[in-house]
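Next come two complexes built around chain A: one with chain B, the other with chain C.
Moving on, here comes the complex of A and B:
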């Protein structure tokens, strides 16, 4: 028992990471109504800047008009570096609020989530570009020598950090409870109109709260840098357990958030020890723990985000009614077939990748564009299909003509399961659930060699149909990638696109849009909301499964890295950039996916390869702010601004004006 | 609406500024990269025995003579990505190739021409890079490190282009017909360490901290636990941990539970330095043994106090041993051609691969040099002297289940006063301890 207690204490370092990031997320939400998925990335950036100040005395600034780096003439002493890093954090917070989140104050939830994710991607890419990826030694801020407790050595700094986190939570509570500013912030969250009438500016309140949240993120990054890694990945990924902690606190209670974060970290440490004694504990339990916390907090305990009394207008991406389908289909097919034949090598491969990407984007068009449900785990469904395809074909010996559609059905069933919590949660809550689910599925299933093929990954046989080899090549056949595989993918894409077009035009599609606009009104109009939601999740996941199976055929051998959390986020980015609510948007989105035609072409002509992630992240923010319809929507508005597709902002201006409760 | 448009315009300008600021500046690491210095005359007694003798020639004259049809060598390497970046391997290949062209005029007057594709470790990126490289019609591919190898190697295999050198990491690199590695990577490192721990340290209880993914589990079970138990180690504990864990203290505490005789660490560079830090903060005095891939200057510095006394395997004569003429040449050429590149085990591997391949290409001769002739020549090597490593034989039988590995020997090194020190001056080979599956 004492042994486990020691491990629990050793886990306070991890817990402090989660708790402090969670506190920053809660602070940002209380002040501005935005859940910042980039909280960990911000902590990381400030930690890097702090390290650079101590190392070389250079302050790195991403600000126009000022020099990008300011040299102080030598390594900065600790107090100077600490103060300047906190100042940089405040500046970063102000800039981000002013340029990114302030324009989105009255935007739909999707736009805010997308902008936050775009910011996370861009910041991570910026750190890689500016600071490189080499190992960095980070002189710890706190004393790290061990102390003896119960006969075992425990690092002193982990205990100190746990204590500091608790103190931070207490300080924040006191600030919001006893100061005028804190009271005003709480008032604005309850009733924005009332706060305005009392002379408070919600804008100023939000800006200051946002700066505070960034400063806390920076503080966390600097204090914790001694125990975590100074790399672009660790802090960013820690957002998932941090969100779990924030959910337990209902994005409102600092105390509950801090306690939950610390307990998650300590729990993971105890599980590490427990797995030595208990063989049958499932692998991945430790990494899946945050997801279990999210599920319990949201679904079982019925806790959702506190309502905010904001002045807002829901401005949803316009899902136009498709027209001239035969013309577009024939033209598109013609262009694609010609392109497949005239390209070769890298360009043809990029074209095929784009077509598969378009199918994956179609799944998001159905789920997010038509139904308005935000999923950050579409690649998880694709991965489920890929691994199922391997199991069905290699282990069970099923012919591919059966195994491939069956694997997509597996993805559809998984989607139905994920859709069940979606019946109780929506909006950004659902985004958090799907993010946690993606991490959990990766931990429990994708990384488990019993299910996914172990060291060699999962092999996929080359597809054939009626004696024709539809494989991509690379197995002694020469001419990689083969046109036949491209035509195979194009066929599936065409069928999927036509199916989605017909869905949009059908009564079911209209019901989906009705549920998207207003669930209660849809229910009042006798639409079976539960059925529509489950059906949509299943359909969207099935389409993602088709994409996953094709990805598996493309690669011939798959492993968990192809279907991870960041890949899902990149896919969402591409789908939103392309246009989340139309088939043409999915086609454009396919062009933008990683390895797709847009980036390969840009890389060859302009050499932008290393900037791909940064461009994606910033483009995502642009899209969220300027054109929620994405590229295809912007083009469509430009070509046909009035007639049958009036400006969506004017069209929806009459809806939801005045005070509205965001759900 | 007008003010809303103004807000959007301002935010657009701000984001453009951010992009310009990010793109316009080099990284802190790149800042002081110098232009390539003028090549100098090579010190005479640094030539490996079988290299063409040309010690007196002026480099300028040799460069002018290398005007034959280029020998195209493709590089595929992962860089600038959060998953892991290995520019030192590309830089070592570049330095070695430039040295070979300057000093020897390439392969009988045919200069080696490098074409490079950088990946981000994703399968899409790797397959794209492979396809693009093949458009340049390379004679061979010289790999750095690429996590997406499973997607790229089949493409090279299909084209019959040999994939030679580097440190093999993933299954295709260990098993493909056209892959040839002069060192064994993890399949050599861990059995070699196991041999040292069981026979020299006489360990009876060993803990293994491994990266929590299928490849990590295989490395732990097949290449570490199996060999240890076959050598009589009675207790082997396996502790998984995520590569991106927020804190390695719990894992290191679990590994140290029960007072093991040694702790093996099966992680990549970033994990190694953090485990060193965690071990120091816990006051762990159990010997920790790390893979050779973690033995580089940045990792040792990042590991702080925990690096001192740490054990590593090394596939090469350790890079600090400049009494060895191969190592001395490597250090000299790197200093001359790529002075800011990192010195590390990975860098050594890349450099040595070029030197070994060049020897074979020079023997084949400029007129007979093709991908097929190179593959055939490699397959016929037997106990051949290697640059900075133990002799190699590419008969497909050196390591069970890993036919691409031509040499599985390692040295055991310990960090003493901040420098790696070869403890035994002899090679450890644990390949006979591996049980191949299937």
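Moving on, here comes the complex of A and C:
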């Protein structure tokens, strides 16, 4: 038993980080109504900057255009590094609020989530560029010699961290309870006008809260760095347990958030020990635990985010009724076929990747553009289809004409399962659930070598149809990638695109948009909202599954890395950039997916390949702020300036119901 | 559609008819507050029935409870079938629909599509056909007819956000009517309409009722309610305090007192008196 106690207490280290990130998320939400998915990435940046200061005395700046590093002429002593890093954290929080989130105050939830994710992608990419991907272990900050407690030896630093977290939660609680600033923030969370009446500008409130949040996150990052080596991905994804903790605290209670964060960390540590004794425990349980917490808090205990009374609300981009489809279809097909024949090698591969990317983006057009629901797990569905395809064809020996569609059905069924929480929660809550689901499915299934072949990956046979080789490679090398595979992908893309166009024009598509617009009124119009939501989740995941199966054919061998959370996020980035509410947007989105034609071209001609993630993150933020309809919408407006813009950006308060739909 | 006002069943005989909607002891409580208290009423088929009452009397809550938007105790029968345990869309499928005081239009759909969504009643498997042959709009003639009836034919491809308030109200009413529901619950359909538009609305409602659709209407505006309705219920503090044909309601001392007693809502009193002074209304 003593062993378990040691593990539980040792887990307070990670728990403290989850708790502090959770506290930061709560602060940011209270102050501005925005969920900062980049909280973990911000903590990472501050921690790495702190470490660099102590090692070499260089201050690494996060802003492109400014000098990358400012030398202090030798390693900085701890207090100097510590305070410089905290100052940097405060500045980062302030800048992010004013340049990214303040312009989005009245934007629809989707734009806020997208910007938040764009920032997370950009910051993570920036850290990788500036600090590298390697694990970092810092010089310890806290004294680590073990002390005797409850009859066991526990490292002192873990206890210190746990204690600090509790102190932080108490301090925040007191600050919000007893100061005028705290009262005004609480008032603003209810109703922004209320804060104005108390004599505080909502901007000042939000900015100060963001600075506080970043400082707390940075503090946790620095302290944790002294305990365990960390890499950028681990840091960034610590946002998932932090969101779980914040949900338990209802994005309101500092005490409950801190306690939940600590408990999740301790629970994970205990699970690690437990797996030595209980061998039937699933291997992914440790990483899946935060998702279980999210599901229980959100769906079972009904702890959704508190609503904010905001001054006004903009709507999601308008989903245009497609026109002149035969013309565009024939022209598009012609261009694509010619392009497949005249390109070769890497460029042709990029073209094929873009076509598959377009299919994946179509799934987001259906789910987000038509139904208005946000999914951060689309590549998870694609991955489910890819691994299912491998199992169906390699292990069960099913022919590919059966195995491929069946694997997309598997993705559709997984989509239905993930869609069930969507019946209870929507908007940003759903984004949180799907993010958690993506991490959990990766942990439980994709990383489980029994299901997916481990690091070796799962093999996929080359597709053939009626004797024709549709595979990407020939038997004895030669032409790669083959045009036949490109035409095969193009055929599936065309069918999927036409199906989505038809959907938009049909009764079912109208029902999806009616549900997106107003669930109350939809029910009065005989629409079974539950059914439409499940149907759409299933359909969108089926389309993602088609993309996943094609991706599997393209690679011949797949591993969990192709379907990770960051791939899902970067897919969402491409879909939103291209245009989330139209088929043409999905086609443009396909062009800019990672490995797609736009980035390969950029890399070839401008040599900016390593900046790809950074560029897409920044582009995502700009899209969210400047052009919610994406590139395809901006082009449509540009080509036809006389046409009335059906989606005026600002709408009067009170008339719209967008707030209810997507908050 | 006929152009003259339809003749509705004599409301005094309503109780003899098989009621289209029968409500018994309907009660809605929010925490300690009882918004609707043991309301019982019958609505006869083919009639235009009004419900009036001061602000906060529970009129909208009553409609919310009839449609299933808010949990309620009591018994609701529609077409002889108990519906009080059904979900909103199930009740709608039986032929009950409503409009909203805040309109709640589908802002992401064009005016025409707003009506189409309401007119269509696709089956669950329709999606498989929809992705292949999308344009199978069998209800289009009915949609066209209603767009004409409310004067929105020229705006059919616009988004609701670009319409005037009166036109938005018209979309809301047309959207409810196009579903061919047996009973329409209209929540303040006259709000924001000018005098001419109200007269047009009153006439439209009479025509719709003459065609066999029953209408239940709540509104503040006596100019609309008095001449349009065959029968009026009066709600105060969640309780039914009077019921009868418009003439009787006008002179009912409890009704006058209820209206005078509410923090001097003079416009409504004045409207009630004006309507009382013009027997039969002014729009016929």
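As a working rule, the second predicted complex is superposed on the first by the 616 of 663 C-alpha atoms of A that agree within 3 Å, B and C clash if a C-alpha of one lies under 4 Å from a C-alpha of the other, contacts with A are read in each partner's own complex, and residues count from 1 in each chain.
To be clear about the criterion, a contact is a pair of C-beta atoms (placed from the backbone, for glycine too) under 8 Å apart; a residue touches a chain by one contact, two chains touch by 3 or more.
Predicted model, so just to flag it, every value in this text is computed and none were measured.
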- Task: Could you tell me if A:447 is touching chain B, chain C, both of them or neither one (first, second, both, neither)?
- Result: first
- Just chain B (first), just chain C (second), both, or neither: which does A:606 touch? neither
- Task: Figure out whether A:594 sits in contact with chain B (first) or chain C (second), or with both, or with neither.
- Result: first
- Message: Looking at A:227, would you say it contacts chain B, chain C, both, or neither? Reply first, second, both or neither.
- Response: first
- First (chain B), second (chain C), both or neither: which does A:7 touch? first
- Item | chain B versus chain C as contact partner of A:509, first or second or both or neither | second
- Item | Winner by number of chain A residues touched, once chain B and chain C are compared | B
- Between chain B (first) and chain C (second), which does A:626 come into contact with in this model arrangement: first, second, both, or neither? first
- Item | chain A - residues contacting chain B, complex | 3, 6-7, 10-11, 13-14, 17-18, 52, 56, 58, 61-65, 68-69, 95, 98-100, 102-103, 122, 124-126, 128-138, 144-146, 152-155, 157-158, 226-229, 231-234, 236-238, 265, 268-269, 272-273, 275-276, 283, 287, 345-346, 349-350, 353, 447-449, 452-457, 473-478, 480-481, 554-562, 567, 594-595, 600, 609-612, 614-615, 618, 621-622, 625-626
- Spell out the residues on chain C that touch chain A in their complex, using ranges where they run on. 67, 69, 87-89, 92-93, 97-98, 100, 102, 104-110, 113, 116-118, 120-122, 124, 126-127, 130-137, 159, 161-162, 175-176, 179
- Task: Spell out the part of chain B that touches chain A in their complex, as residue ranges.
- Result: 4, 7-8, 10-15, 17-25, 27-30, 79-85, 118, 120-125, 127-128, 131-132, 134-135, 147, 150-151, 154-155, 157-159, 171, 212-215, 217-218, 222, 237, 239-242, 244-247, 249-251, 253-254, 257, 269-270, 273-274, 277-278, 280-284, 296, 298-299, 301-304, 342
- Query: Where on chain A does chain C make contact in their complex?
  - Reply: 315-316, 318-319, 321, 499-500, 502-511, 513-514, 516-518, 520-529, 531, 535, 539, 644, 646-648, 651, 655-658
